[in-house]
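What follows is chain A paired twice: with chain B in the first complex and chain C in the second.
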Partner chain A sequence: MKRVVSLAVLVTIVLGMSLLLALSGQSFYPSENLRWLAIVYLNTTYNPYLPDFTVRSPESVTAIVWDYRGLDTLYETTVFYLAIIAGLALGRGVKRLNQKPTDESGLSPIVKTVTKITGPMILAVAASIGLHGHLTPGGGFQGGATAAVVPVVFIVVFSSFYLLWKGVSSQRMLTLRSAGLIGIGLTSISLFLAGLLLGLPSYVFQNIAKAGSPLSMPYDVHGALLSGTLWWFNLFEFLAVSSGFTLAFIILMTPEAEEKW
Partner chain B sequence: MSLDLLIYAVGAVASLMSVVAVYLALVERDLVKAVIYSAIQSVFYSLLFYLFMSPDIVLVYLPVAGGVLPALLLVLISKTERFERE
Partner chain C sequence: MVGFLAEYMFTVIYLSLFVNLGLSLFGLFYKPHYVKKLIMLGVLGDTLNMFAIFLGYRAWPSPTTPSRPPILLTYPFENASVLVEFTSRAVDPLPQALVLTAVVIGLAVMVFLIFLGDNLFKHYGTLDMREIRRLRG
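What follows is the complex of A and B.
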């Protein structure tokens, strides 16, 4: 009874606040009037008539994240990398069990069959979110986080050892993750290195040719838009994030062989 | 105009239900149920993000707050105690 009363009080307060929100709804919801900064970004994100300013990506959020403020995103990736390293350090020196999963382990055959069907579908959606990040909403982190749901579901539905016996070991995830991070680093300095080799001025984290630097990443392949570095950054971030989350969950969910204390 | 009103109504209901889910998650003594209430709140928030016209945030918020974070918390609960004590 007490809980019902407190819930009713809470709902009344929230209803009043919602009424307030409805009255001043214009200030909370996005309006048609854009600020000049948004207009600048929307005008330059895909604009072939401004070749020195455009990113050649119709998706302005990914353009901002990986081009206009790409260095910020690089350091966000570094923070995520350090967080996973800290998780690995917590689990160091712990022996883990490695048993062969049987048909009895895990949930019922109905759940297993449904998971076998939906797992590849989630992976396909994740790849679509990640690799079309320069065309539609999404990007490397979004796709990677979506793909990381699949190993979690498989560990819960089958067993803790299922992924290990299918070849998804923590060592391989660490290798994949390092490959993704090396790819991000190489992509960020690729045009700088090309400029050094060709003797032309170029910048670190350069994507499309700027004033004073004629070098530019290939931004389309036979008419299919790649948006220069954006597609590569999304691909490598997808690899790094999905394998990083998978690594963390393998470390957390695999039982330890013996108690140390 | 009616479409605007519909968007406001859905947003108001989603924010309302998310606060209810937060309240239930706070008072719940069974931590597994609390995690599920928290995930329900995340789903309402992602609906709100979609109405606020930020689909990029929806795509990162839904897997992280609806899939990865509850799974992490459930693993932690399985290693400690399920019920909150006085």
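What follows is the complex of A and C.
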């Protein structure tokens, strides 16, 4: 009762204060115009008339994340990697059980059958979100986080050991994660290496040809828009994020063996 | 009337964000349980992200007509008018990109803190901060 009263008081304060502010003309209302910086981003994100400035991706958020401010995102991925590694380091030296899951473990057969059907569907949606990140809202992070739902659902529905018995071990997830990170690194320096080999000027994190450096990732493959490096970054980020979360869930949800000191 | 209602609802959202901020800080500082602190940390991060998204929001010019989402549908597009319309309707993408970064960093911190909580529980047998402070190792 006390909580309901305090909640009601809070809501009344917010609504009343807003009414006062709106009546007195001091209300907050977003502007109809954008800052010039946002207009520059929106104008150049897919603009064939400015071939030296465009990213050739109609999704400006992904363009900012992986092209205009790509170095930020690289270090952000590193932070994510280090957080998972720090978590693993905290849980080191702990023996974890590994038993064969039986038919009795987990929830009822109805839930198991439904999960067997919906699991691949979640993965398909996640791959669609991740790999269309340069065309529609989404990208590697979002797709990876969606894909990481599947192992949690399977652990809850089947058994804590189900994933391990299906071969989704923490070592393999760590390998997949490292492969994703190596892919991100290689994509970021791919055009730089190509420039070194061909003797042409090029930059690290270059995507589309700029004035003074004619190299550019293939952005249009048989009429399908790939937006240069963005598709590759999203693919590898999808791998890294989904396997990183799966790794964390496996470590957190597998029961530990009896500790004998 | 429609304009006033839109203004009022925006003000409600804006003020409730501040209230949310205060509540999450209160929970973070005064709730003794570790998991409750984590929940409040999540709420705090989401509130700050919402502030950033709010800054990048753009008002639809006429409140009475239904809004159309700014999407570049045609590829390859025929003329520049598609692009002009896109730029005239899209919201600021930069706060959204920064929030995307902040969300992932927040998730990383949260994963690490959950591992830390796991270890805390293993060592102390409780997640109550008052108990853990009293035990001293």
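Note that in this section the second predicted complex is superposed on the first by the 241 of 261 C-alpha atoms of A that agree within 3 Å, B and C clash if a C-alpha of one lies under 4 Å from a C-alpha of the other, contacts with A are read in each partner's own complex, and residues count from 1 in each chain.
Note that in this section contacts are C-beta pairs under 8 Å (C-beta built on N, C-alpha and C of every residue); 3 or more make two chains touch, one makes a residue touch a chain.
Owing to the predicted nature of the structure, the values given are computational and were not obtained by experimental measurement.
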item	value
Partner chain(s) touched by A:3 [first = chain B, second = chain C, both, neither]	first
Touched partner set for A:191, first chain B, second chain C, both or neither	neither
Contacts of A:164 with chain B and chain C, given as first, second, both or neither	neither
Which of chain B and chain C A:61 touches, first, second, both or neither	both
First (chain B), second (chain C), both or neither touched by A:141	both
Dominant contact partner of chain A by residue count, chain C or chain B	C
Partner chain(s) touched by A:252 [first = chain B, second = chain C, both, neither]	both
Contacts of A:152 with chain B and chain C, given as first, second, both or neither	first
Chain B versus chain C as contact partner of A:18, first or second or both or neither	both
Footprint overlap on chain A, comparing chain B with chain C	10, 14-15, 18, 21-22, 28-30, 61, 139, 141, 145, 245, 252
Chain A-touching residues of chain B, taken from the complex the two chains share	7-8, 11-12, 15-16, 19-20, 23, 27, 51-53, 55-56, 58-60, 63-64, 67-68, 71-72, 75
Sites on chain A touched by chain C in the complex	10, 13-15, 17-19, 21-22, 27-35, 37-39, 41-43, 45-49, 58, 60-61, 63-65, 69, 72-73, 76, 79-80, 82-84, 86-88, 90-91, 139, 141, 145, 225, 241, 245, 248, 251-252
Touching residues (chain side chain C, partner chain A) in the complex	4, 6-8, 10-12, 14-16, 19, 54, 56-61, 71-72, 75-77, 80, 83, 86-87, 90-94, 96-97, 100-101, 103-105, 107-109, 111-112, 114-116, 118-119
Chain A - residues contacting chain B, complex	3, 6-7, 10-11, 14-15, 18, 21-22, 25, 28-30, 61-62, 129, 137-139, 141-142, 145-146, 148-149, 152, 156, 245, 249, 252-253
